[in-house]
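Following this message is one structure expressed as structure tokens.
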Amino acid sequence: MPIVRATRRFHFAAAHRLFRPDWSDERNREVFGACTNPNWHGHNYEVDVTVEGPVDPETGYVMDLKRLRDILDARVVRDVDHRNLNVEVDWMEGMNPTTENLAVAIWNRIAGGLPEGTRLAKVVVHETPRNSVEYTGQV
Amino acid sequence: MPIVRATRRFHFAAAHRLFRPDWSDERNREVFGACTNPNWHGHNYEVDVTVEGPVDPETGYVMDLKRLRDILDARVVRDVDHRNLNVEVDWMEGMNPTTENLAVAIWNRIAGGLPEGTRLAKVVVHETPRNSVEYTGQV
Amino acid sequence: MPIVRATRRFHFAAAHRLFRPDWSDERNREVFGACTNPNWHGHNYEVDVTVEGPVDPETGYVMDLKRLRDILDARVVRDVDHRNLNVEVDWMEGMNPTTENLAVAIWNRIAGGLPEGTRLAKVVVHETPRNSVEYTGQV
Amino acid sequence: MPIVRATRRFHFAAAHRLFRPDWSDERNREVFGACTNPNWHGHNYEVDVTVEGPVDPETGYVMDLKRLRDILDARVVRDVDHRNLNVEVDWMEGMNPTTENLAVAIWNRIAGGLPEGTRLAKVVVHETPRNSVEYTGQV
Amino acid sequence: MPIVRATRRFHFAAAHRLFRPDWSDERNREVFGACTNPNWHGHNYEVDVTVEGPVDPETGYVMDLKRLRDILDARVVRDVDHRNLNVEVDWMEGMNPTTENLAVAIWNRIAGGLPEGTRLAKVVVHETPRNSVEYTGQV
Amino acid sequence: MPIVRATRRFHFAAAHRLFRPDWSDERNREVFGACTNPNWHGHNYEVDVTVEGPVDPETGYVMDLKRLRDILDARVVRDVDHRNLNVEVDWMEGMNPTTENLAVAIWNRIAGGLPEGTRLAKVVVHETPRNSVEYTGQV
């Protein structure tokens, strides 16, 4: 049975700022530059979620991507779309919302809920058309 | 002499919310939905600015697009990139920052400063890959 | 009041073939080539619908693009997505489903149902990344 | 000698439906939803084929991508472009044409015919801008 | 009969430099900057050619886009792909190959050879993802 | 600590030809076809550079992508943008500028200068929207 990776892309729009509350404003500005603007800024985030597993000989699917879409809507999009990543998202509380931390947090939201026999293989978050981050669960 | 249109694309990331301070929160929510979230959200804006004019027989340019880029940097990008469109941009003060109002405001920032013999022909603002607005100066 | 154009993009996947039932198979093949394959082929269609009107001084909108999305879902997407354009779409009955005819048919589905004060300005249908068609209501 | 991966993108337009002839229509509908529409639907498929090998010190190529293009044309595009994946493609006979099965089938069409010293590393099939599948030959 | 615009996209890769032989090197450098580098530079040009006309009631086409593709191949791509725009293209001889001049030259290559009843409506040349030029035949 | 990959995209425009000075013109033409045109051709190159490392618990970054951008500007873009890859780039001297050799050369320019604790993971060079090459340092 071939092992295949299936990817679903989704997007959301959110506000954020890079900021550590335990640092002075000067240090935040020094390290994060314009990204720490106290009045926030925001992005259209594009996210690619990849699931790996054997192709089910019955359906020809690794998993139904409509089901993956529903998981992503329920576990991620609903919480972050048109939201502020610093102050409104339970599962990012206490985190500085860099693209890196966001990718890991999305991974942690999804990894446990996939169909038996599949595994989460990769989460890619594009913050802008130029900057992106990829997490594969490696620690 | 052929009359040609030359377009320069630029982008910026900003926070905003759709909001009228003279309306109740309920009415803002009713009309603007998730877009009025008081904690803001944001976008990667892509903007296409088009200048029209005769092709200069000396240079072969309508205008030097590097000069147009400098005008856009100085008059637009510097003010809006990594900013909050509701509270930090002088030339949007008192405006609800819809894509329509943003396109008109960008038009007004640029229209007066172009080289003699050219005219601003079009401003297109893409708020998301799905939603965009075009203004050609028509009133 | 500025007159602005607002565009919403949507997409759908459909099967079709270029075919005139009143022509012989030979003539269909001669004129339409591989596009008349009797076993069908299909596309991911991308459609841009543009509405023009004054910016409402109350909302800052030409029209709410979420409302436009709902109109497009109800009047177009529901009927064509994962469908066969030759045999399953009432409002294309008797038409050869070229990109041209599809653009005009989508125009006719939408033009009458827009909010007062706005008008349908343009329908662009991308059949492939290389081929597209634009209709502005001109006859 | 550096080991490098070279990728060629190609595309085709085809009709298909997800369908198992040994299942009832009800079960096909239950599992595959709109994708099993008996009147077919279709897509613009985008495919990325990646070949890996040492950079030839003579040419500076892993392999000539024009030669890869010719292989892809002869072994894949010619058979699937403007075709119906369920009923017209020999090498997909008896398969449910999911994106997963299509990626594996394309792999099998190509893997054996590459120049000595190179190996097929990856086949990615984009069924829509949102859904894609990747196969690397793993079983 | 609806009047529709049909667009075909094509691309080519070419070298060029912005340069006037009747100017000193200093003046060329002053006006054209890095674009006048005597050792050349180059681009992947993307070109959209738009033809306008009534939809033929027989075929449902403005014109067959495969025929337009063949015209573009024969009249443009063959001459410019993998070429140097300053020294190898007859129909650009004596022209400074700015994007503006290139768009007008492509227009002039095509405008006369379209099917009766159609007219060339627009040529758009994208020199980079950020810079483009549009010509509609206006003088 | 999660290990994450962060990617920065940049682009440049350059001229080149595929060519071995120790081969006859006939042999160059035979092997490289139109790509060896003695008058050059060129491309808009898009390059993705990926750095891997643990997420810094202080900043939430693998590394600051603005710092990566500065490294790429200083070590790559400054040398190749609006240049001729065959004759003007020190660090490609004596190389046939195929996409493969270019990817390896860019790798070698960057690999040594990254922050401690990170490593260069991947360089992808897109020569055209259809052809790309990926190097991960494997020999």
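Per-chain numbering from 1; labels A, B, C, D, E and F assigned in written order.
The working rule: a residue touches a chain if its C-beta (ideal position, glycine included) is under 8 Å from a C-beta of that chain, and two chains touch if they have at least 3 such contacts.
In this text, all values refer to a predicted model and were calculated from it rather than measured experimentally.
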### Query
So which chains count as neighbours of both subunit D and subunit F?
A
### Task
Examine where the copies subunit A and subunit F touch and state whether the two sides share over half of their residue numbers (same) or under half (different).
different
### Task
Name whichever of B-C, D-F or C-D reuses the E-F interface, so over half of the contact pairs are the same residue numbers.
C-D
#### Entry: Longest centre-to-centre distance from subunit D, chain (CA-based)
B
### Query
How many Å are there between the centre of subunit B and the centre of subunit D, using C-alpha atoms for each centre?
42
### Query
Whole-Å distance, subunit B centre to subunit E centre, using C-alpha means?
28
### Query
What positions in subunit F touch 2 or more of the other chains?
129
### Task
Mind listing each pair of touching chains for me?
A-B, A-D, A-F, B-C, B-E, C-D, C-E, D-F, E-F
### Query
Once bound in the complex, which stretches of subunit E touch subunit F?
11, 13-16, 34-35, 37, 39-44, 81-84, 87-88, 128-129
### Task
Could you please specify the touching residues of subunit C with respect to subunit E in the complex?
18, 20, 31-33, 95-101, 103-104, 129-135, 137-139
### Task
Name, in rising order, each residue of subunit F that touches subunit A in their complex.
1-10, 50, 55, 58-62, 64-66
